[in-house]
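Per-chain numbering from 1; labels A, B and C assigned in written order.
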Amino acid sequence: MEKDDLMLEQLANREYEFGFVTAIDMDISEVGLNEDTVRFISAKKNEPQWLLDWRMKGFKAFQKQEMPHWQNFKMPEIDFQSISYYAAPKQQAKYASLDEVDPELLRTFEKLGIPMSEQKQLAGVAVDVVFDSVSVTTTYKKHLNELGIIFCSISDAVKDHPELIQKYLGSVVPHTDNVFASLNTAVFSDGSFVYIPKGVRCPMELSTYFRINAENTGQFERTLIIADEDSYVSYLEGCTAPMRDENQLHAAVVELIAMKGAEIKYSTVQNWYPGDKEGKGGIFNFVTKRGACRGERAKISWTQVETGSAITWKYPSILLQGDYSSGEFYSVAVTNNMQIADTGTKIHHIGAHTKSRIISKGISAGQGQNSYRGLVQMGAKAAYARNFTQCDSLLIGDRCGAHTFPYIESKNNTATIEHEATTSKIGEDQVFYLNQRGIDAEQAIALIVNGYAKDVLNQLPMEFAVEAQKLLSLTLEGSVG
Amino acid sequence: MLSIKNLHANIEGKEILKGINLEVKAGEVHAIMGPNGSGKSSLASVLAGRENYEVTEGEVWLDGKNLLDMKPEVRAREGVFLAFQYPVEIPGVSNINFLRTALSEIRTHRELPQLSAKEFLKMTKEKQALVEFEAKLANRSLNQGFSGGEKKRNEVFQLAMLEPKLSILDETDSGLDIDALRIVSNGINKLRSPDNAFILITHYQRLLEYIVPDFVHVLYNGQIVRSGTKELALELEEKGYDWLKEEFHGSESINKI
Amino acid sequence: MADQFTTPFYNQLVAEFENAPKGEETNSELLKSREDAFELFKAKGFPTSKDEDWKFTNLTPFLTDTFSLTTGKVDQDQVKNAVNAAVIPGLDAWMLVLLNGEVQFDLSVLPEADQFNVQPLEEVISTEVYKNYITCKEAEGNRMYALNAAFFTNGYFLEVPKNIVVNKPVQIIHLYTAAENMFFQPRHLIIVNENAKAELIEVSVSLGNAQRVLMNSVSQVTVKENANLIQYTIQDNAAEDRLINYNHVTQERSSRYDNFTFNLPGAELIRNNLEIVLNGTATETHLLGLYLVAGHQLTDNHTAIHHRFPHCDSNEIYKGVLLDKGKAVFNGKVFVERPAQKTNAFQQNNNLLLSDKAQVFAKPQLEIFADDVKCSHGCTVGQFDPESLFYLQSRGISEESARKLLVEAFMFDVTQKIENEVVKGYVQSLIYKKMENSLATII
């Protein structure tokens, strides 16, 4: 036990790997939020009137809304007036090639391990990087253009494809959805836009890397992905932030639209700064993600590995509107030290013969609190719909908590719902067995946890899966007690 | 007793029986053999009235009554018994309660007097002894916690209890070790009489060493492609199914011309 | 939000309390707690569907009538007949009868006090009993509890002395009848002392004379060290009845408590709150429930188990069969607090939706703060397995009988746990009788 304590001490002192600050000239808006802030952002981006009008609607909705109260933690006081809503690297011109990018920025990307080099491009990952709030560069564009795939920043899409933006932006997550979604509508700065034309299978993973760098800023990106009939796309999202003593707000919105026969696979590895071990600092991650299976046989799949943030509040949801459409949610959420995660999914079965599958693995260590909150709803027309949910919690140490709040609702007697949940501690006999084979406790836990999360990690694209495994082990370091 | 004429059936839109003709008389034992996927189990399911099969053409008569018009339970009461390849487990339904309900409904249908509890228990004991089925039934749920062999023996025990005219045994021999196979076969042999008939669906010839059939049919691709006596089974054992397949495909290509 | 404050019934209750003659209560602590409870109710009103615990059970439509708070005349013959009809046939039991919450000694059959002691609650309320037993931390903020705490007037007190194994089960008949719409708020108190054992079978019935009965009852149960209590709640009321119950159980070290709850078709609203507080180590708890919902019924079972000490086991199975336009809500909470290491908590909820108009809302919930635990829950919603149905039919069993068998099988996990064979038979026959009509019409 003594040895373990020592190790715990050592490892608990380990610092957040991505906690560096990049010294880049930033263009930052004044702190505070009012109608002028919204106008300022819109003007900075040369937006058309209709977009400003929509932002204003979002702002009005934001003013009327209350903070959510139902989650399983005390909502922190967030002073919306002390945040700067716009921060961008000063050099505004678009880069033709990577050579033109500020070398400091490139070094940052290197530290982050973002696959930006030519080599990585050959590996077939197209990357859009959102640095603070502005999309810095999108790689691999030409090849995608040839297939008719649009992959660009949302600001570029507003300019180049206004018809798509006007039609779909806010069509899945309305500007009134919740306080954070309304705020995002009002002040969203940038984000990624993807359109896959009919019948096209996107040949590579599309990826966006988000990074909060500046102080006192929030990040409010917005992502919109449209997969037209019978198309396919796999999209990856990664995020990091520097270490700061204050909490920073991240309130993103992601909308996915899958038409008839289309499939969207959306993977997230979330590693925002979690705060230090006393719970000081860290990102408040309040994110609204929702996808709509609009047509028959459409499919949306969310995979998330949540290891960072002081607080994570997100429920990637799926509306199964088309008959025979299907949805999947795979999640691993790890909370260590003082971290809080309240996450899960909502699946609305609207069409007939719709199917969904939920696999959630919560891991709590330190004083971390991990809640699974889920809704499975069978509407009156969801004939022969099926759901299966498996929701497991693993506890490491006796000061953490694991909580499960599933809502199960059925209005159709031909629909079937199966929900299973278990909570248990990490198996002492398993750890011992591995110890006996010469593996130390730390590694043993990493092995066991990775095995435990395997069903979810398997859903990630290869390159991300490796990173996610590393992150899981890193996040849990120091949790042996 | 049973007369199948040009029977065609679909499952999920796919034709699986493509014109079966078969006559079974009282006192006879027919074996239906054939490779996997040839339609053997489908034939059993269609005869028992499984819902997801759609009969598209043909007739099935049982002692002058149209079997295809009847619901599954009426077929059972009229005397069709299917020994399932995979008997379901129904937790919470006790074996005894299940049997008593079934027997009582069947006896009502056949205009036989109901058995008293005492008579019923006596019959249960006798039939259990007859088919050498020793499992304690009173407090156990239907097939729950039964081994594969026990489930199959329970099927034969039910057969003994319900006294059907026509019994269809769907791969009752599969998954049985040699002892269990002997016990199950002995049971069936004891139940044979001039008044009843059996259709044995099997993949292997070994069952037919214990229960000697009067006729052997080979089912392939939804049709009976060959009929004969028990020697046909031996021939199949020796040569496998491949030669039949070749021959069948040959004739099919001729038909196409 | 403001709606509930403008309803005539709310105003009536507020006026009733405020205009009641003061100083009648001799127990000052009780008086104080009544006033505190009333203030809470007055400030917050009836729960609405905005309250998480009432999200799917909207009380508002059940509170639009006006209700009288004082009982009028009752036809004694009718009462006697109803009591006779409610007696469980063939059960050799002691009998406690309550009419509209009032203990009826003349209709009861009770033993000498060495077996157990029964008194009307109002007779023991001014003694130490109040101080020691009538507080309920878990109910803080619960407005229906507060309403009862403010107004309750009658109910029963039952105490089993130390080391006594009560020689027969006790059937408790709760009979409700009203010549006009009535609001009843009884409160009951059960104490099973150290090493004692008892079996209580509570049957709730009504005369069904077309007047509305709204009931908001509270029971408090204490099972002391090494004691054992089996409590049945059989709710077999008429369609005019609306039942809201809060049953609070405290278990001390090494005790065992078994609760069986059966909701039968009838009462248009049933809302049960069953709250178990494990106040010592090595306890054992079994909660078994069956809700059979038909017609336009709404039944809502909320259960909560608080694990506060190590080495406690809890086991919960609630099963629902939904017919017609029935709507069922199940909410099962399991809390495992930090000291409660080595907890085993198992929960299962299964629902059979047998009508295309029926609805079910389930929320099993685990909140766990200790690590060395084994907790699980499972929840399913669905219909008959077609394969099982076919198997039974292929053995000559009619579709209707097959469905009945499968419903019986579905309920088996709960019914098999009833050790008292007479009670088991009674409950099963009640279920079949009630289901007969609806089952025949299932497609």
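Note that in this section a residue touches a chain if its C-beta (ideal position, glycine included) is under 8 Å from a C-beta of that chain, and two chains touch if they have at least 3 such contacts.
The structure presented is a predicted model; accordingly, all values stated were derived computationally and were not measured.
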| item | value |
| --- | --- |
| Length of the shortest touching-chain route, chain A through to chain B | 2 |
| Chain at maximum distance from chain C, centres defined as averaged CA atoms | B |
| Chain pair showing more contacts of the two, A-C and B-C | A-C |
| Geometric centre distance via CA averages, chain B-chain A, whole Å | 56 |
| Distance between chain centroids, defined by C-alpha means - chain A, chain C (Å) | 44 |
| Averaged-CA centre spacing for the pair chain C and chain B, given as whole angstrom | 50 |
| Chain B residues within the chain C interface of the complex | 48-51, 71-73, 75-77, 81-82, 84, 87-88, 90-93, 97-98, 101-102, 105-106, 109, 141, 158, 162 |
| Touch list for chain C against partner chain A, complex | 52, 322, 338, 341, 351, 353-356, 358-383 |
| Complex contact set, residues of chain C against chain B | 385-388, 390-399, 401-402, 405-406, 408-413, 416 |
| Chain A residues touching chain C - in the complex, by the definition given at the top | 70, 72, 378, 393, 395-425 |
